[in-house]
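Since the structure comes first, as C-alpha cells, the remarks are kept for the end.
The letters A, B, C and D name the chains in turn, as written, and every chain counts its residues from 1.
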Amino acid sequence: MIDLNAIVSKIGADMAAMEDRGRVADYIPQLGRVDPQQFGMAVVTAAGDTYQTGHASTPFSIQSVSKVFTLAIALGRLGEALWKRVGVEPSGHAFNSILQLETEAGIPRNPFINAGALVVTDSILAGHAPRETLGEILRFVRMSAGDDSIHINRNVAASEEAHGHLNRALANFMMSHGTLQNAPDLTCGTYFHQCAIEMNCLQLANAGRFLMGGNAGQNLISAEKVRRINALMMTCGHYDGSGEFAFRVGLPGKSGVGGGILLIVPGKASVAVWSPGLNRRGNSRLGTMAMERLANATGWTVFV
Amino acid sequence: MIDLNAIVSKIGADMAAMEDRGRVADYIPQLGRVDPQQFGMAVVTAAGDTYQTGHASTPFSIQSVSKVFTLAIALGRLGEALWKRVGVEPSGHAFNSILQLETEAGIPRNPFINAGALVVTDSILAGHAPRETLGEILRFVRMSAGDDSIHINRNVAASEEAHGHLNRALANFMMSHGTLQNAPDLTCGTYFHQCAIEMNCLQLANAGRFLMGGNAGQNLISAEKVRRINALMMTCGHYDGSGEFAFRVGLPGKSGVGGGILLIVPGKASVAVWSPGLNRRGNSRLGTMAMERLANATGWTVFV
Amino acid sequence: MIDLNAIVSKIGADMAAMEDRGRVADYIPQLGRVDPQQFGMAVVTAAGDTYQTGHASTPFSIQSVSKVFTLAIALGRLGEALWKRVGVEPSGHAFNSILQLETEAGIPRNPFINAGALVVTDSILAGHAPRETLGEILRFVRMSAGDDSIHINRNVAASEEAHGHLNRALANFMMSHGTLQNAPDLTCGTYFHQCAIEMNCLQLANAGRFLMGGNAGQNLISAEKVRRINALMMTCGHYDGSGEFAFRVGLPGKSGVGGGILLIVPGKASVAVWSPGLNRRGNSRLGTMAMERLANATGWTVFV
Amino acid sequence: MIDLNAIVSKIGADMAAMEDRGRVADYIPQLGRVDPQQFGMAVVTAAGDTYQTGHASTPFSIQSVSKVFTLAIALGRLGEALWKRVGVEPSGHAFNSILQLETEAGIPRNPFINAGALVVTDSILAGHAPRETLGEILRFVRMSAGDDSIHINRNVAASEEAHGHLNRALANFMMSHGTLQNAPDLTCGTYFHQCAIEMNCLQLANAGRFLMGGNAGQNLISAEKVRRINALMMTCGHYDGSGEFAFRVGLPGKSGVGGGILLIVPGKASVAVWSPGLNRRGNSRLGTMAMERLANATGWTVFV
C-alpha cells in the first residue's frame, strides 16, 4: 500500500533542504525575478484524492506546459491534419533551436519545441482574433482544472513580447516556408500570452487529469488522443532532456521554463511540481529530482 | 477478453496481402538477397502462451536488435559507469549519422544508434579477445531465448566486414576522442558478428521475455535495468522514427535493418515480428504496421 | 595588345546564342517577371574607356551587389569596429542560411551573406531614420557611378517587404543575440530598399571604379579599404560559389540575385554583367560564364 | 624601391621579441616536442634573389603544405577529372571536420582540408604501392626545390600512423560513399608520410617558385594550373581562417600544422615562414603575423 501522504511530505522536506537549485530562467526579466527558494508539489489520484507539499498554492508561469493544452485543442479541431505541419519526433536539439527548420523544410520536429508549439497555436488561431483564441485556450484550461479563476499574467506576456525576438525568428522562418498561416506577429502574440498563463501546483495537477485516461479523465478528449499526447510527452516533453526523463522517471511529462512540470501516471494520477531553478537542459532542477523520487517511492512507471 | 489467436492470425493474413513491402536493405549483399515477400510474427505472453503467424520459424539476421542484448550485458557489467561513455537521448538524426559525434565531443547520443552500440560492444570487449566476447553475447542470447541452437551467420558477418566502412569511420572517430578503448578493428569486428546473429520470430519473442518485467521475466537482470532498457527502447529504439513508433504503437521496441522488431508489453507479453522490406526510417515497413495493429486490437499501450 | 572591343562583342554574341539561361529568381514576384532572354555587359578601364554589349543600358535590380556599397560606407564610418559584429570568413552555406548564426553566437560569417549584410545596414542605420540612411546609400552609389539618376524601384522594395520573412527571421535571430542595434523591422525595411536600387551595366561598371585601386579609383575610400573589400569579394562575393568563381575567373566580384555581377580587375578595369537567369548557387548563369570568358580572353587574373 | 633585406631582417627581429607564440600542435607527440621559440623566414624573388632571417635553415615538418604539391601532381595526372571527387569551395568548418562529408554525399569541399587531401593522395595512389607514390611525391618536391636532400621524417610518419584515427575516420567515411578508390589504410599511410616531409624555409620558398607564374616558374605545370592552385590557396589555403588571411595578407598561401606557411606573390616572389605555435584556426601565429607585415611593408597584394 502506497502512503502518498508520507511520500509527498518527505519529498517536500528533502527538496526544501537542497542547496543547488539550478538557475532561474532570465531570458525575460519577469521570470528572472522569481525566488528560487520555492518548491511545491501536488498529486491528484484517479480516485480524486489530493496530496500536496511546499508552495503548492503559489501561482507560477506555466510557460511551455501550456503546449499540452493547446495541442489537445488543436488535435480536437484539426485531427490528423495537424501532422502535416508538425512532426512527432524528438529533435535532438535545444527547445529553441532553428537548425532543423532549415534542413527539414520549415516543418518543426514536434509540437513541444518552440517552433512546433507556434505551429499548434497558429493552427488554432486560423484567422481568428488572438483575443478569441486566447479565450478558447483559457476556457479549456479552466474546464480541465475545474477552476475559473485561472488567468493570464499580463506583465509576463508583455515581457515576452518585448524580448521575444527568437520566437519571432522561428515564426518568420516558418512563414517563409509556408508552415504558418497567420501573420507571425499575431501567432507570436497569442503564443506569448498562452505561455503567461498562471497556475499553482494544485490547479495544474487538476488540469492534467484528462490525460490520466480511463474513467479518471473527464472525457475532454478521446482515449486515442490521450494515448498520443502522452506518447509525445514521453519522447519530447522535456526538450533535449526527454530521453533522460524517460530513463530516470519513466512517465510522460511536460516541463516549462517557469520551473513547472506536469506528470501523468496513466490510470493512476496527475502530478504537478514547481521549482523555478532550471538544469542545463532548461527543465526544473528540483522538479525533475522530485519526480524521480516520486516514481521510485511509489513504483509508478510505465516500463515494468 | 483478448483473442490473441484470432488477432495474430488476422494480422498475418492482412500483411500477406500487402503490396508495398518497402525496400530491403542492400548496404551489404547478404541482406539484399532476402525475399521481401516474407512476414512472420510471434507473441509470447507472461503466462507462457505462444501465438504465431506466417514465417515465424524462418531465421533472419537480427542486426540492431542485438543492441538490446549487448546493452543488458554491459549494464550488468559496468552499471552506471556506462553512461559516461554514451548518452540516453534520442539523436534526431539517422542511425548511422556521424554529425553529433563531432559537435558532442565523440560521445554518442544513445546505445541504439550505431555509434552508441559500438561503445557498448567496446565496453564489453574490454581487452578480451573478440571470440570470447562473442561467446558471452551468444550465451546471453541463448539463455534468454532458452534455445542453444542460436548462432551467428558467418557469411553475413563476412559481408559486413567487407562493407563496414561507415561503422569503421564511426569507431575511428570515437577512438580519436577517446570514447573507445579497444582497437577500432577489434570493436568493429565484434560488432559485425553480433549483428549477424540469426533468430526466427519465436526465438526472438522468447529472448525478449526478460524485458517484460514482473515475474514474467527470468531474472536475467534487475527490475530497475528492465525499466531503463524499456525506456531507451521507447525513446530511441527505432532511430529517427522512435517518436512515431511511440505515437502509433505506444510500446517500447527495437528494430533491426534485417527487418526484425522486438516489442515489449510490460507485464504482459514479448512480441517479435519480421518482414525484410524497410520504410524510409530504416525500420521494417510491414513490421511497424503489424505492431500498430496488434496494439490497437489488444488495447496494449503504456499510455492510457 | 588586348582588343576589348572585339572581346566584349564576341562575348555578347556568344551569350545571345545560349539556350540554357538558368532560372530567374522568383522569391519575390517582381523579380520573377523579368525576361530571361536579356544579357548585357559593360567594361570601364582604368584609362576611362568604355566597352559594352547587349542590354547594357537596361536597368535591373542590383540586389546583393548593393552590399559592396553599404560595406564601403560602413567601413568608412565604423572602421575596424565593424568586425566585432560580422566576420570575414566564407560560410560554406547558402546565402540565406541561418545555421551558422545559431552555432556561432549570432555573428554572421561575412558581410556578403544576407545576415552579414543586415548587420552592415544596421550599423549604418545606427538610430537614424531609414529614409536618411537610404539617402546616404543612394548618394554614395550616385557619386561612385557619377550619375544622379540612379534610384530605388519602389515596387520591388514593396515586393521584398511583402515576402521578406526569411530576412526578418535572420534579423530577429540576430536581435536575440544582440548583434543588431535597431528594431529588426527598421533594419529589414532599409535593407529591402537598398536591394531594390536599379542600375544598368554601364552605371554599375562606373560605380565599381573606386575598387580598381591606384589612380583609377576616385579616392572614395582608402587603398587599404579597397584591398580589403576586394579580398572579401574574392572569398565571399558569390556565396557558396565563391571558390568556384575564384577558381574559374580569378578576380574579385559580387553577384546579386537579380542577375547582376560586378567584377574588379585591380588596377585595370571595372566590369558589370547582367543576365537574370541564375545557376544553382544563386549567381547569374550567363553572367558567370561571360566573366570567365572575359578573364580567359584578356588574360586578366590576379593569380599569375 | 623595396629594400627586402631590411624588411625581412626587421620582421625577424620583431618576431623574435614576441611573447605570445600560440600553441604548438600536440595531436601527435612528435610535433608537440618542437621548441616554440623558433621563427624563420625566406623570400625568393622572381629574379632569383634570396633573403632570409631567423631559423630559416632549420628543418620542420611541412604537414599540410604538402597538399599543394600533391594537388599539382594530381592535376597533372587527372586534369579536370579530379574535380568530380573533390570540390573547390571553402568549407566554413575546421580542417578536420567530418560534418559536410555527411551532408554532401562524401565529396569533400576542397583539396586543402584533410578529407580533400586524402582524395588527392588517393587519386595519385591509384592502385600503385604507397612506396612508389611517395617516391613520386618526393621527386616532385625535390625537383621544385632543386634540392635532392629533402626527405621524409620516419619518426613523424610513425607518430601520425599511431595517432591518425581521425584521418582514418575521414577515409573510411569517404570509402563508404565511394569517393576513395584504394583501401583506406593505404591512402592514409601514404598521406601520413607525405605530411612528414621535412624542409627548411629556404627549401620551401624554392619549392614554391613554380607557383609564381610567368617566366619565374620552372614550367613544372601550366600557367592555367598555377592560376587555379593559387586561387584555391587564396580561398581555402588556411582552413577556416582563409578569409581572414586573404583579408589581412591579400596573397595566396598554404599553411601546415607544423607551423609552416608557403606564400605566393604572383610574378614576384615565393615566401616561406615557419614558427611552430599555432593560432585558434590552426595556422602559425607568428607566421601569419609575419606574412601580414611583409605584405604591408612591400605593398605586395593582388587586390589593388
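The rule is short, and it goes like this: a residue touches a chain if its C-beta (ideal position, glycine included) is under 8 Å from a C-beta of that chain, and two chains touch if they have at least 3 such contacts.
As the structure is a prediction and not an experimental result, all values here were calculated from the model.
Listing every chain that touches chain C and chain D alike gives an empty result. Both copies, chain A and chain B, contribute mostly matching positions to the interface they share, with over half of the numbers common to the two.
Distance from the centre of chain C peaks at B, each centre being the average of the chain's Cα atoms. Chain geometry summary: the mean Cα position of chain B and that of chain C are 54 Å apart. Chain geometry summary: the mean Cα position of chain A and that of chain B are 32 Å apart. Each chain gets a centre from the mean of its Cα atoms; for chain A and chain C, those two points are 47 Å apart. A separation of 54 Å divides the Cα centre of chain A from that of chain D. Of all residues in chain B, those that touch two or more other chains are 103. The touch graph of the protein chains shown is a ring with every node of degree two. Under the contact rule defined at the top, the touching pairs of chains are A-B, A-C, B-D, C-D. Taken in their complex, chain D has these residues touching chain B: 97-99, 101-103, 165-166, 168-173, 175-176, 184. Those residues of chain D whose C-beta lies close enough to touch chain C in the complex are 87-93, 100, 109-110, 213-214, 223, 226-228, 230-232, 234-236, 240-244, 246-247, 250, 252, 266-267, 301-304.
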